[in-house]
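Two complexes are shown next, each including subunit A; its partner changes from subunit B in the first to subunit C in the second.
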Partner chain A sequence: MNGPRSRKTGRTVKTGLLLVTFGFVVALVAFALSGFDQLGAIAAEQEVAADAAAASPYGPAPKLTAADYPSIAGINSRVAVWIFAQLHLWFAAFVLAVPIFVFIIEAIGMRTRDKRYDDMAYEFIKVSITAYSLTAVLGGALLFSLILFYPHLFTYLSTIFKESMIYYALLFFAESAALYIYYYGWHWLQGGFKKWVHLTLGLVLNAVGTTLMLLANSWLTFMMSPAGVDAAGVFSGDAWAAIHNFLWNPINIHRFVANIAYGGSIVGAYAAFKFLTATTKQERAHYDWMGYNANFIAICALLPLPFAGYYLAAEIYAYSQQMGITLMGGIFAWLFIIQAVLIGTLFLSANYYLWCGMGRSDGAKRYTKYIKYIAIVLVGAFLVWFTPHTLVLTNEELKALGGPYHKYLGPLGIMPAKNTAVNVMIIFTALSFMFYRRANKIATVSWVNAGNAIQVALYTAGIANILFLGIYHGYFTNTVYKVAASIPQVLTTLIVIVGSITLDSFIYRGGKQVGPLHWGRIPGRAQYALFLLAVSFTWLMGLMGYIRSGIRQHWHVVDIMRDASPDAFTPTLGYAANVVSVAAIIFMAMVIFVFWIAQVSGNKTLPAGYWKE
Partner chain B sequence: MKIPRLLQAVLVLAGVYYGFIIVFDILLDAVIPSSLLAMYMFFVVAGVFMVFTYDEDQTRELVAPIKALVEDPSKRIWRNIVFAVVPLVAGAGAYMQMQPSFEAPLELRTIHPAPPTTAKIFGKRVNLLKLENPYRKFEKEDPEKFRELVEEGAIVYIQNCQYCHGDKLDGKGPYAAGLNPTPLNFQDVGTIAQLQESYLFWRIATGGPGLPKEAAPWISSMPVWQDFLKEDEIWKVILYLYDYTGHHPRSWESE
Partner chain C sequence: MRQFLSVIVFSLLTIGFFAGYSNFGIPQIEPAPPPKEEKLDLGSMTMDQFIAVGEKLFSGKGTCTLCHNNLGRAPLLDTIGEVAQQRLKDPRYKGEATNIEEYLIESLVKPSAFVVAGFGKKGTNDAESPMPDVSGGSIRLDEAEITAVVAYLQDSSGAEVTVEIPKDLGKKKEGGEEADVAEAEPREAISDPEKLIAMFTCDACHMINGVGGEIGPDLSKIGALRNRDYLRRSILDPNADIAEGFEPDQMPEGMGEQLYVSELEVLVSFLAGLK
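Then we have the complex of A and B:
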């Protein structure tokens, strides 16, 4: 398990996943660079839509009254739809993500011919099979509750999206077929051409799954940034214009990356669950290895995620200052503080897991002395990351400060400080990962000192540039440069990470191993860090999903179709957080069921004397 | 002498806690809000826990005194003292937290109320997403005229706004002390530098009563300036606010 071949495969899996992450971020930056010019194009598109709507056979969006919303058995319709939508989304995110990295892991297994990867990929997809059924059941529940409780909204949306809804239904069948053949055919389609057929099935499964997500995203982003309709909501007949609305791509990118991180965290929790319940040393070693890989997948997708989120928020602001301010400066601002706390928790948990994992190597002592400095920077950056713009002050503090503005902490409350902090957190998380990789290796190249010096210079220059961009462009130039400065910050972070890891791989090429890696030699509390990762992700997605939907306030479709139901008001933050928390608990209970059922399928009972011989 | 790890952890936490207080409350003379300090310390504790427990041997060393206190028969007296004192301290803490006080409840106030998409200003319905300052173009096209407009805006400001927002635009005008919440500090990078000019136009023209119903009740003593000023005076005063503070209005076009 720990020979040269294992080292090579380990390198390959990491390089593969890093390349995929790099690809996401490059795509993201490209979108971001083009995105700021979208407003003009969208405005022109809207004018065309308005002209087309004038000659359209479709009617305007209905103007509703409270009587248009059925009241059924005293059920709170908003909460019902909210919880079904949220549960469906969590499961959907999981089942869309798992095939993505299962596909990559299977490909790595084929390339390296290391069966462990194939087995791990199979175990991952096995977990997602039950979750797939639950996704479909919850999707059905969401659809029925929308039709029952919000019939006019559903009718209006289905008028515009009727074709895409039919395609969605057909694609759902296609996805089910692809998934079941992929899973049940795993052991049948092995070796040579058959394995290629299986891998292609995985690709088809991912293509169909991603298309399904893109279609569903268009419906919800239409409700936020309607397109293809005029000011009264009359549909022009151009379905593509309605799908390709202003916020569609920002949501697509954000969800795609977030789903992978989320899927990684859930299978990480599965591995942790299996590790803690393992009875043999081999089992512990296997699930430790699985947990490590799951955490690695989650981190790879987590690193670009803040950039995707920032891009989405900037686009929301660009589309409507009302939605932008409601989102981050207005009534939802305090949920963003909770978001910041949870994202920081994700980074801390992921780092803690890596540090605990260093115990697997006997050579880790050379690097563990740096952990406390990494922790200081991470916690320091984290404190900046969640410092609120609006401070909660007692009357005495208010008097002492002479007003609600804090001279020194106030500037930490706006985005340039947050962007700088998160980039620093990402760079130091990458540094933790690099130390983890180095822990069991001894470099043998003659230029090791020079290589290390270049790495130190790379990190120092990168951090200095991030600080300069954040402070100078964030506080001393106008908002165009302030927002735009986030792109060179991201690029700097990427260059530091990719540059240092590439250089590291050259420094340790042909290097020696300190000794065999002791898989399974990791404290139980590290597994709880994996659980924390999954729970934080779940809660975070629920809260942020509520904000995304909630910024529409009293509109079903912003500025076009007003919500006239008794629940049109924006609930208090505490109430919303409670609903999301209850939904998260229900989801976690269902996930435990999924883990259990995956375990049960492997159990066998031999009932002596029950069957006829 | 080596300091026991548990004591090291406690000293680090105490050092960070008092470090915040010394730096902010004493050296910088700007108190650190207790709510924020509590949040900061929660994660500092998490960070310290992480550093002190990632390694098995070090974790054993960290918890050894606690284990000994609970399990070692020779420490019975200390155990009894700790088991008696800790619940008492916790109880006293809970009592202090829960006892009624005359302090007004804390208020969460957002700095920027969200604007509506459209608003009725000077008898017209204007779309705030598209509304632009008609004088902003002169900044490049005719800098001399732009300076004149800024100066006219300055006069409007000194005659009407400085009583609350201050002659340095820092929210410390002569009447500011009588208002809660205090008037906005335009010098702060978190206020007008974050906003589009259409937002300022809406906020000045419609004042406190114009704040959106969706997030009521708002507390604001800002007058409805469209009743006292002309439309062009509001746009000029906006030019002045940005010019004096050196901030730039939020926009989506580079130049």
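Then we have the complex of A and C:
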């Protein structure tokens, strides 16, 4: 596809982008670091050498009034910062996630010596290069809008994170260097020792990228659960305490896993689009295979996500009961219903794609009759999850709702029921996946029937145990023990999944293939499941960004720095959904641009008679 | 191109569905606006009005109903008058209160002094209360407000109302002008330090360049003694450091709420320049 010349143009385009980005970022970092004094006297204050009299060189968090928030050209500052932050987060998640699985795929390729993996990994990383530039540009835009619209908040945060900001900038350069060497060195560093060097570069790239994310997360978690400062916001000088605040790790974990799933879903959408527009059979086969792998990665990351989510929620609760109730009990309780719709969509579309993919194998007929039952269970579990929990915040809101509990569905709204539903959903997704893997295989070991019986027993016992735990703890014990079910339930789920995968790998050891897999033999509508996955994921991330910031209520930094701007109120869900939707559409347009650029580099025009011979 | 368009349409429909569901599929609740930091005018209040203030605080700024409701997150308080008497006799009680009023105040500002059985923080075996100290953190009720809430609790649970409407706290209000400043419409930020000093009546208590009162320390050479951070802190949080030879709680708190950040810096720079 790529002639040598066109590849060169492609590189020029990218190098140009790269230079522009670098220039932009350098300018911004310089602006941010030096701009402190321009931001007004406050910032310079922090620099004043400690006088003998001073107990701490840091001042308390400023108390602001509405007049401290610049209003510029009638722009709604909150919406501006919100959209830039969200766009940046989307791209950052994508750019962080893609190298993680490119690394994995490259390693698989090295092990299996199947060059298709290497080519696919290369194609992924190529997509993420342009996305990388956009991430940086959007990060700059976010920084800029924060400085512009919330100067005092920015100044306060940067006095605390000043040191880590410098590392942030340094890491950013390290990340760029690693990424570009990794990408441009791909074809050079091939074979034997060189391939190992290349893989190591991938590892470095991922280590740097992850550290970068952790640092960024510390800013936002500091705002939720400030640490390293006293009640008035005076910084103790211990930067690590501020970074390593209470909610840092819970958010790190949830984000890390979510980002991988997200990256998978976006690459899946890319593959789906390429599949739909492919003109040759080989191309179709290639992109079908790519879509399958991307979806596979997304599912693997999707399975542990609910647990990471509940862990995060439990930690928020542990940090502050008030914040926990705001999260799960107030108007945000309705948000979790929307979240359930979205997560249900994710699970259903990922499963649907798997089921459609069974058509690639001639042996799948044996399993198709079970699919409808899986579908029914998934929808049922989804409906339980979907049932609202208690809904209270203030008396006025209570009145608006007419009561704390949903009239009839109350009993299904409690946590054990939801935990049960989640576990059931996960187990059945694993089951779908097992059918998919089995579809093209015939076991040859003598104990097939016994093995299958054990599998059935394992799943049955597991599901029964999960239901029993949920029902017993949910309805026959008092409040304190209600959550006690969650850990044994999760363990059951894990045992079933790990057990059945292990058992299956023995049952099918040395098994026969029904026939070659027909990559590319998948209906077009299955590709739409991949789009649905990507769009829902994007939108879900935006929605959860709203709740993460929303539970801070009228605080910039919880309990320490009050938001005195006219926008300190919590917007309604509908309003938030609209902002998220607009941002998601902008994001989609930018992603299309990214993919388009990746493709332009493959095009070439040979204008007849333009160049002199 | 056709494929491209149908993918776009499909994605837009998906987003449209999510947005539509969020707008029309679930009830739209207007979240309560952020609590106002209003000051109580205690001067001319009857006990009934005072109790009404307590009730308002109880479901509003105090956020008590967030937990004290019929969902079992925290004990109901409708019989707290009677309950408090039992608490005082409880062998587990280790607090310092001797009557209902003191018990209630203690429950509000030192929730862990006695933790109702079964309501403690998870894993602390009822040693630690999940209830926040309502005089701090994000609730931040002041003394008068806490008294009002206690009056409301006593009244609503049928106990005798023993609290008195605080009079001495009213003193803070005497500089009524200050309270007005906070309440007033947003005003232009002032950049002239002399004007600020006049407006916030610093010179009523402080000698500055030879003129002014003597209730507080002389500030005429303050810039040579203190650095800017110290100065800023003594305005925002007067009790953080007490000047030698002076008592705490003399200089009014809460000027930080009324000063704009830029004004605070003007003042600090001005004071720092007095050498």
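General observations
One rule holds for everything that comes next: the second predicted complex is superposed on the first by the 528 of 613 C-alpha atoms of A that agree within 3 Å, B and C clash if a C-alpha of one lies under 4 Å from a C-alpha of the other, contacts with A are read in each partner's own complex, and residues count from 1 in each chain.
The rule we apply is simple: contacts are C-beta pairs under 8 Å (C-beta built on N, C-alpha and C of every residue); 3 or more make two chains touch, one makes a residue touch a chain.
Computed from a predicted structure; not experimentally measured.
By the touch criterion defined above, A:Gly344 reaches subunit B but does not reach subunit C. When the two complexes are overlaid on their common chain A, residue A:Leu383 makes contact with subunit B while staying clear of subunit C. Within the superposed three-chain model, A:Phe273 lies in touch with subunit C and out of touch with subunit B [touch as defined at top]. In the superposition on chain A, A:Ile371 makes contact with subunit B only, not with subunit C. When the two complexes are overlaid on their common chain A, residue A:Pro523 makes contact with subunit B while staying clear of subunit C.
When the two structures are aligned on the shared chain, A:Ala584 is found in touch with subunit C, with no touch to subunit B. Contacts of A:Cys356 after superposition on the shared chain: subunit B is touched, whereas subunit C is not.
In the superposition on chain A, A:Ala67 makes contact with subunit C only, while subunit B stays out of contact range. In the superposition on chain A, the residues of subunit A contacted by subunit B and by subunit C overlap at 318, 320-322, 325-326, 329-331, 334, 341, 390, 392-398, 400-401, 404, 479-480, 553-554, 559, 569-570. Chain contact summary for the complex, subunit A toward subunit C: residues 40-42, 45, 48, 50-51, 53-60, 62-68, 152, 231-232, 234, 273, 276-277, 318, 320-322, 325-326, 329-331, 334, 337-338, 341-342, 390, 392-398, 400-401, 404, 479-480, 528, 531-532, 535-536, 539, 553-555, 558-559, 563, 568-574, 576-578, 580-581, 584-585, 588.
Put simply, subunit A touches subunit B in their complex at residues 36, 39, 318, 320-323, 325-326, 329-331, 333-334, 341, 344, 348, 351-352, 355-356, 358-359, 368, 371-372, 375-376, 378-379, 382-383, 386-398, 400-411, 413-414, 475, 477-481, 484, 523, 525, 553-554, 559, 569-570. Of all residues in subunit B, those touching subunit A in their complex are 24, 28, 30-36, 39-40, 43-44, 46-47, 50-51, 53-56, 59, 103-104, 106, 108-117, 128-129, 171-172, 176, 180-182, 185, 188-190, 193-196, 198-199, 214-215, 247-254.
The touching residues of subunit C, counted against subunit A in their complex, run 3-4, 7, 10-12, 14-16, 18-19, 21-24, 26-35, 59-60, 63, 65-67, 69-73, 118, 122, 130-132, 136-138, 186-187, 189, 225-230, 232-233, 236-237, 240-241, 256-257, 259-262, 264-265, 268-269.
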